[in-house]
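These are the structures, in structure tokens.
In what comes next, subunit A is part of two complexes: it sits with subunit B in the first one and with subunit C in the second one.
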Partner chain A sequence: MKRRRDPAAVNSDIIRRPIQRCAPIFLWPMVAAFCIGFIWPFAQGLFLSFTKFKTTSKWTWVGLDNYVKALADESFRYSFGYTALYAIVSVILINVLAFAVAYALTQKIKGANLFRTVFFMPNLIGGIVLGYIWSMIFDGLLSGYGKSILTDSTWGFWGLVILMCWQQIGYMMIIYIAGLQAVPEDMLEAAKIDGANGWQTLFKVTIPNVMPSITICMFLTLSNGFKLFDQNLALTGGYPYIINPDGTSVHTTEMLALNIYNTFYGQNTGARGVAQAKAVLFFILVAGLSILQLRATRDKEVAA
Partner chain B sequence: MKDNAFKMAEYGKKALTAFLALISIAYVFPVFMVVVNSFKENTFVKTETFAMPTGESFVGWANFIKGMTFGGYPFVNSVMYSVVITVLSTALIIVVTSMAAWYITRVDTDFCRAVYYLCVFSMVVPFQMLMFTLSKTADNLGFNTPWTIPVIYLGFGAGLAVFMFVGFVKGIPLDIEEAASIDGCGPLRTFFSVVLPMMKPTLVSVTILEMMWVWNDYLLPYLVLDITEYRTLPIHIQYLKGSYGTVDLGATMALILLSIIPVIIFYLACQKHIIKGVAAGAVKG
Partner chain C sequence: MKKLIALLLALAMVLSLAACGASDAPAAEAPKADAPAAEAPAEKKAEGSVYWLNFKPESDEALKELGAMYEAETGVPVKVVTAASGTYEQTLTAQIDKSDAPTLIVVGNQAAVNNWGDYCYDLTGTPVAEERSTDAYMLYDADGKLCSLGYCYECYGIICNVELLEKAGYTKDYITNFATLKEVAEDVHARAAELGFDAFTSAGMDGSSSWRYTGHLINAAYYWESVANPDAWVTCPPSIEGTYMDNFKQLYDLMVVNCATPRADLANGGFDAGAEFANGEALFYVNGNWEWSNLESKGMTADQVHMYPYYCGVEGEEKIGLNAGTENYWAVNAEADEEDIQATLDFMYWVVTDPEASAIAVGTFGTMPYKQAVASPNPFYGSANEYLAAGCDIMECVNGFQPNVDAYRATAVSAMNEYNADPSDANWEKVVTAFVDGWAVQYAAVNG
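Take a look at the complex of A and B:
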């Protein structure tokens, strides 16, 4: 990006001019698809969140009405709390366990490659399929007690946590291994010579050095946690429901993404404006968290 | 003293290996259960999930045969559509975004920067934000068949690919391309025979990441495609389990097994690239 001002920039005109003439081949296909697949739907979605609509072409302006309704919706607030709780639990568990596994695998033990292969394997399987594999396992465990994962919301929560740990530990482990392998050997040796014990070395030398990996993994697990949809849909689909006396219902294991989906495609097509407003709030939340978290952990990297 | 410490460390390592082996078995267990249950008669899947299929619960290949036409939809079709969509989308994303990334980095006008920052921005936007409008747009423009949906994947998934490619192109010294252009290479030739071969590591990473995403993606094709006609594997499996009155668990497990076998073979064959790709993608993301 700073290339223009450095001396080499003069030469790069040799390259820039001819490429610029080829914009229709190089740039326009991507920009066109990007407009269709991202920019236009995003702008339209933002706009429609301020309207009442059933289809994208028939709308009436209602201002902030949808946002008021979305925030007043009990099921939406419930799913927000549920998602936040899930995200906190899963971020901590996944990162601690993935780091521990990565640390163990970098201790020059036998069969490290085989273990790595096994732990990463669940990432290749899609969320829907994972959900159904685990619903079979949990139902098998619970059937002895006359229960099912669909009837017990406590199991629904921990079931999802177990499933996601099973899937994501391997992914984060790969990133932590890459980080751990980059810790300078002489630093570790110096710590040993200075008489630091294992824990001291871990907390004073190793962890500060893998801060970049920790940043990335925290960021990934947090945003994965908030955006989770497929596994939630396949494992419990929001069940069990609690039906309120006034006819509304709360889906006790429903996360934000699924709640938005159900509002869009539920029987009440009049609620699509509200669903779009929920989606905008969801977007602001996810984007905001990503930015905040990156900033917070970047600061720590500098300090370390 | 020293000898003892050394021995302790050796024992520690052995204990660690044993412990990791135990966890590995626990890791493979769910997949193993899928294999076991795909040979069981439906009712036994729920009542005796963890038992081996013996005697009356064992049905041989019946679940697999039944699964082929299960739910009134040929399983082979969903395999075919999944393959078509994954291969076309990945190929399109790779070619188009790598070209765009090179253009963006080398030409570097304000417009290029705007496109680049929009791509980065698109990476933090969750799918729910635009799922309704995107599926309507795709419908209206005819991008709702397995052969045209790759355009939608390109548009929605361009962000990460452009971001990774730009990151790589920035590190390529200009001299090589200058030499090529002085020798009379036009931009197209420079790109395809000079720049693209240098991009290989990133190319592999992006291919892996995009393939993993498209192959396993459920919601986008579900909302965009006409699912009476076109079902990808995740859609088919969700349809069988989700909206069917009486679910045949045995046959569902057989289909799940069939759908993960090729993925696991692919993984074992390209393991090194996959793991490298994930690490590279994450470090840049």
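Take a look at the complex of A and C:
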């Protein structure tokens, strides 16, 4: 409080007042954008998940009916399992590889900056484009063996994992590099003097110090894994299907977001409410998982 | 000097803003430079406007030209927006809810009538409906409301390069059924290296080409089933028998075996069958009349081509002609303002009666079933008429009933990919399941 009267202090009234007065100019456009772009569509989506509708203005209330149908939908449950499996595999692979690359590129090697740039570049390409490019690469490789990524769901799965690793490792690498550069030199030096070997230094000093980076990278890769859509659509589009003897089919490489999309835009417009309910469930799932994961990794962060 | 620059910049900004504003203003206000000067001022008070949400990207340019022509003639603004390929349903869903909703939409089959029938203006007795030259190609809802009118019709089958056929030693009239088609195809395929061309073009199963098989070729199986049981096929049947799936298999196998592309590669797609055909690399090409402008632009002439029906080994198939039908159906948005509905109806009438306009429309769409529309120069209608003149029946496009069509066809594509990778009987069974049992599944999904 004392400092408030000191005109030179950063939080003095003389400096704070004009900032406070201008705050709405900075704040309200963002609030408005957030309301228009997020709050309103979200509220409308939530509402529509309890209705039957073709277009968003014509609806009839059906209560929890859509949720019952969504949970009873075999394809939705399948794609949930598939997405979870994909998310686990991709989170592990992307983070381990990104950390390894970042670790290598923070050692003093020649051309580190060039490598960083090159590894980061796949992020600059859109998902749909990447999906089509990689589908050509995989087709080129697999057709030599008489296979296709569209007829073999194992290849579909690993194809997607490879694609996403290729795209995301560079991004996560940048975050890890920032974390690694912030590890205090004196700690590393102390570890060296105490006689810790390379692995010990890595696990006891470096990793605890980069936990904030790990938290954010885990969060990004996990939510990206669950939300994956463009690459899924372009690479396999859900193919191959398993055709059941009763004529129903399971889209073996269809992830949650694509499942919701296909439900919404199938010609069966009666299912739009169900798709909306699936989307709400999807949101709860992704948000819940992300919060859990943030808590779990935050606990392990240490104060440097 | 600084002041001058500042002034100029400010001026530039104001002008660019004004320019932005002007482009939003109704285009009707400014008579087009090429408009007939005498007419434009008299009709300047625009009553209503037309907004056509078109579904065929390939006809976008021609429709915009039509719109501009009409606008120049009458002063009624015509806006043409084309949905990106394969996204009509999405675009329509989004657009029809807006305050500036489309007035002219495409409601192309019975399933679409079930979805969008509420939005369809009853076209019974309207001048454009009175102009029709046939009772076919009209869609009604369950209450008998005339929901949409086919504005053109299409024919499809097996396109043949007659020149190459003669080079291979056969005449156009030689092929009259599956046995002769098979004989020619297998002979040409066997002599492909010597002749310099193969029998069939590639049959890619990616999204740009798979519909030729899952949507069109399969009609051979549906059609013969509907002939045996016409009552079941008046509207979309809840389930189908698949009696003629073996015939479909014969024809499909013939096409993918007697072809330069190995069938295992078909799943990946990325082929250009149209170019293969136009370049004279293949004798037969499964497609329809709409392909003509493409073939013509690649240098083919009308006397080079003929179209054969889908011969698949059914008894009596010598008396069948080409598939004819359409998904190009006009519907008027009933929720639009009254003057917009009237403007739209006037526009439709103009398109089918005005000689110049109908010439453009016919050039774009093919034959239009309207009394005053000009005749089409497309040679494939000539083939269709040849079969009709010889007393053959039209192979009606009952494939328009395919329930939940995108999901239905996608499942079939998956099964056919598997079959092409390993053409075993077990895998063919899956194709049959996808087409036959899949029909009932998708019917239930939509109607259940």
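The criterion applied here is as follows: the second predicted complex is superposed on the first by the 262 of 304 C-alpha atoms of A that agree within 3 Å, B and C clash if a C-alpha of one lies under 4 Å from a C-alpha of the other, contacts with A are read in each partner's own complex, and residues count from 1 in each chain.
Here is the rule we go by: contacts are C-beta pairs under 8 Å (C-beta built on N, C-alpha and C of every residue); 3 or more make two chains touch, one makes a residue touch a chain.
These figures come from a predicted structure and were not determined experimentally.
In the superposition on chain A, contact of A:Ile162 is made with neither subunit B nor subunit C. When the two complexes are overlaid on their common chain A, residue A:Ile137 makes contact with subunit B while staying clear of subunit C.
Within the superposed three-chain model, A:Ile15 lies in touch with subunit B and out of touch with subunit C [touch as defined at top]. Comparing subunit B with subunit C, more residues of subunit A are touched by B. Touch criterion met: A:Ile260 reaches subunit B, while subunit C stays clear of it.
In the overlay built on the shared chain, the residue A:Val89 is in contact with neither subunit B nor subunit C. Of the two partner chains placed around the shared chain by superposition, subunit C is the only one that A:Thr248 touches, whereas subunit B remains out of contact. Contacts of subunit A with subunit B, set against its contacts with subunit C after fitting on chain A, overlap at residues 55-56, 136, 139, 143, 237.
The part of subunit C that touches subunit A in the complex is made up of residues 89-90, 93, 96-97, 111, 115, 264-265, 267-268, 270, 403-407, 410-411, 413-415, 417-418, 421, 430, 433-434, 436-442, 445-446. Residues 1, 3-4, 8, 11-12, 14-16, 18-23, 25-27, 29-31, 33-42, 44-45, 48, 55-56, 101, 104-105, 107-111, 114-129, 132-134, 136-137, 139-141, 143, 166, 171, 174-175, 177-178, 212, 216-217, 220, 223, 226-227, 229-230, 233-234, 237, 256-257, 260-261, 264, 272, 275-276, 279-280, 282-283, 286-287, 290-291 of subunit A are the ones touching subunit B in the complex. Residues of subunit A touching subunit C in their complex: 54-57, 135-136, 139, 143, 146-148, 150-151, 237-241, 243-249, 262, 265-271. Within the complex formed with subunit A, the subunit B residues making contact are 13, 16-17, 20-21, 23-24, 27-28, 30-31, 33-34, 37, 45-47, 49-50, 96-97, 99-100, 102-104, 106-109, 112-113, 115, 118-119, 122, 124-134, 136-138, 141, 143, 151-159, 162, 174, 177-178, 181-182, 186-188, 190-191, 212, 215-219, 233-234, 237-238, 241-242, 249, 252-253, 256, 259-260, 263-264, 266-268, 271, 274-275, 278-279, 282-283, 285.
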